[in-house]
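Going in written order, the chains are labelled A, B and C, and every chain counts its residues from 1.
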Amino acid sequence: MITASNISKKFGKLKALDDISLTCNKGECIALIGPNGSGKTTLIKSILGMVVPDSGTIKFNGANILHSWQYRSQIGYMPQIGRYPDNMSIGDVFDMMKDIRGPQNVLDEELIHLFGLKEQMKKKMRTLSGGTRQKVSAALAFLFDPEVLVLDEPTAGLDPVASEMLKEKIIAQKRKGKLVMITSHVLSELDELVTQVIYMQEGNLQFHKTIDELHAETGENKLSKAIANVMLKTSHEKNH
Amino acid sequence: MGGHAEVRPFFFILSIFYCGIASSRTIHVGAGRTYKNIRTALAISADGDTVLVDAGHYKEQSLVITKRIILKGVQYPVLDGEKKFEIIAVRANGVVIDGFRIVHSGISSMEDLSGIKIYDRKNVVIKNNILEDTFFGIYTQNGSNCIIQNNQITAFAKEEQQSGNGIHCWKSDSMQIIGNSISGHRDGIYFEFVTNSVIWRNLSSKNLRYGLHFMFSHNDSYIANYFSNNGAGVSVMYSHGVKMLGNVFEENWGDGAYGLLLKEITDSYIEGNSFVKNTSGIYMEGASRITMQRNLFKDNGWAMKIQASCMEISVSSNNFISNTFDVGTNGTLVLNTFDNNYWDKYDGYDLNRDNVGDVPYRPVSMYSMIVEKNPPAMLLFRSFLASLLDRTEKMIPSLTPERLKDNKPMMKKIF
Amino acid sequence: MRKIIKYVVSDILQNRIVLVYTAFLLVTAFSVFSLEDNNSKGLLSLLNITLLIVPLVSIIFSAIYIYNSAEFMELLVSQPLKRKTIWLSLFTGLAVSLSISFLIGIGIPILLFQPNKIGLIMLGTGILLTSAFVAVAMLAVVKTRDKAKGIGVAILLWLYFSILFDGIVLFMLFQFADYPLEKAMIAVTAFNPIDLSRILILLQMDVSAMMGYTGAVFKDFFGTVTGMLTSMIVLLLWSALPVWLSTRRFIKKDL
């Protein structure tokens, strides 16, 4: 569904993405992991068209996304930090997004109900806590029942209950055959979710493996341990 | 016997007087009269006669009056110069011209063709006439003791070359110009080499150049006249002993327009005048020993522009109200004094409550100095920069003349 | 595009700074008109406020607003929208809402006290100025990633157009005092929307006579219909050009 081939991006001297190629398909839930500044966010932004790679192409359903914008109607994006114009109410934000997407969409308001946002529709964005804003962001990402979900640190700032609801929702979407991309620091959270792992470091794609491959290679069941194991191996290899 | 001798000269004088009355006649001119035109009436008239002209339209070409007569119109008979002639020429002393409508004099660039022109005579009275579309209106050359009173003088020219002056006096003395209204001429009232005269209660407006213009005319008084909306205001040059009292100078807007322009004027006195809505209320150049008091300066661009060539000008007890600039000057040397004026821009204080501000007022703003030096800088008129410059200058004076200040600014309007 | 503008405008109009700005204009305008015994004098005082405050608020508020909307704009970019649409909507939203608050703050008093040609020209130029400085702010913001730096640039730009430019002009006038610069100055004013607006309005008032020969030359140009139209177009260009440049930049910008 999404194919990136040889994309590179530099911010000044910093190589944010260094010749990265990957393919993501329907029904997968991919974890993008790596330390801070490894290029995860840049990769996501490239897919969303916020960052234009210096070289390489990204294709969405076989079409180059460069200069294109219509493809984004099939993406639901949940940003890491959700900030909205201060004086808009939650209701305004949803209304505006509905206006932008047009009326033809089937709305999935499940999260709005689960998070109890329906009752707070009149509240101004500036009065909301960070957690509530995250809930709004999450609800927005799923609202239009998109084919692809891009979630940037989705559980950061959410309370455990909401966090759990969101996870369930993600799993449900995956089962429906959607493509889900998640970045996260908290690897333990991803255990039940992901089918594939992309590990990035300093702009390089270190590996892209299915969860089963990882388990087989490392013999670890926990994602965090498996990753640590792989990291050790690779650093060993480098040293030799 | 002695008594009889004293009586005889008295009788002699009386008899002359009697003969005078006996011989003075009234000659009627008009369509139904013996004399159909004024020219023939004038020809047979003698000193002391009255020529009474009925209403009508008279095309007499040029009338020349050579006898001491009273020429009087009944219900404004029209004297038409057909745009070719000088309509009346006065060449006798003591002539009175009263009650005519004098229209369409000739226009010439060689001669000063006029509605009425007085040639080298005295005691002439021109009153109650209406002059329309004359090149020059009433013109006196070498006259003395003449009275020009209650005439209405209007011209319609669009350009200065096409128009002469409304009341024009040249080399005259002891003239009285009273209660006339003049508009549409080049200069409303023009004096050159005229002395000991008075200009009183005239209305001069909408003239192409100056409402009042005089040069080399000493010891004249200008009282209670109203000058408004003239092309360049009023111009007073190269004279001394000028007294201007209670005049109004109003609405002279435009590039190079002044309420009152004083050039090379000395020993003069300006009191009780109003200068309202002029580009510059008073502009002074090379003036000295002038006293200015109890005048009102209101809504002018510059209330007063004093060039550095002026000295011993005393400006006291005047009101300066809502002028854009109070005083403008082009130099730093100041030989003039400002005292006890009221300036509405003054923001000082009066701790001892004697109605005199405790800190001096500086009427010259920095921006007005800049504009004086570099006129295109007017481009920045009312810009933030200009007001910023003014504010800084007020705190630390550097460009504006140190000594140009009112040491005793009044806290309240003087009148 | 209208979808976004609607929400942006309603958001800005509820902004506290904008409310204070509107109230400030309203209070000053009313007090100016009631303090001055002469309404056209009041208009002159109002002119000074307009030329100073309107650009200041427009440029700085817009800069801050755009920086604060960075995440919101990212979210918008992730939606099926053209970047051009987003940027132009943001510009329109800012320009419209600041113009509305100008129209309320200055427009109501002018319509009450000075409902004539000068008043209308003043309102027109005020709106064009607002829009121009929103546009300039957007250009400054799109070129500076750092918020503090960007707001600094906005303030400097305002200082430049309000004072520095005039300072340079004054300096040049004295440097070239021997040359007839009046005609050249007409061209120079095109480079500063504030000066252009000021002269446009001043020439409509009778104080223009004070501007002497310079004023006469200016009146010959700005007083004619062609001159008025030209200067209105130049003022419009001051909105259009920065918007166009910033849009070009924004389309390629990495968020």
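Operating definition for what follows: contacts are C-beta pairs under 8 Å (C-beta built on N, C-alpha and C of every residue); 3 or more make two chains touch, one makes a residue touch a chain.
Note that the coordinates shown come from a computational prediction; the quantities given were computed from them, not determined experimentally.
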Longest centre-to-centre distance from chain A, chain (CA-based): B
Chain whose Cα centroid lies nearest the overall Cα centroid: C
Gap in Å, rounded to a whole number, between the CA centres of chain B and chain A: 90
Inter-centroid spacing, chain C versus chain B (mean Cα positions, whole Å): 49
Chain A-chain C separation of Cα centroids, rounded to whole Å: 42
Multi-partner residues of chain C (each touching 2 or more other chains): none
Set of chain B residues in contact with two or more other chains: none
For chain A, residues contacting two or more additional chains: none
Interface residues, chain B side, partner chain C - complex: 253-257, 279, 299, 301-302, 322, 324, 370-371, 373-388
Touching residues (chain side chain A, partner chain C) in the complex: 9, 11, 45, 48-52, 69-73, 75, 77, 79, 81-88, 92, 95-97, 99-101, 137, 140, 150
Chain A partner contacts - residues on chain C that touch it in the complex: 3-4, 6-8, 10-12, 14-15, 68-72, 74-83, 252, 254-255
Complex contacts: residues of chain C adjacent to chain B: 38, 41, 44, 47-48, 51-52, 162-163, 166-167, 169-170, 173-174, 177, 181-182, 185, 189, 194-195, 198-199, 202, 206-207, 209-216, 218
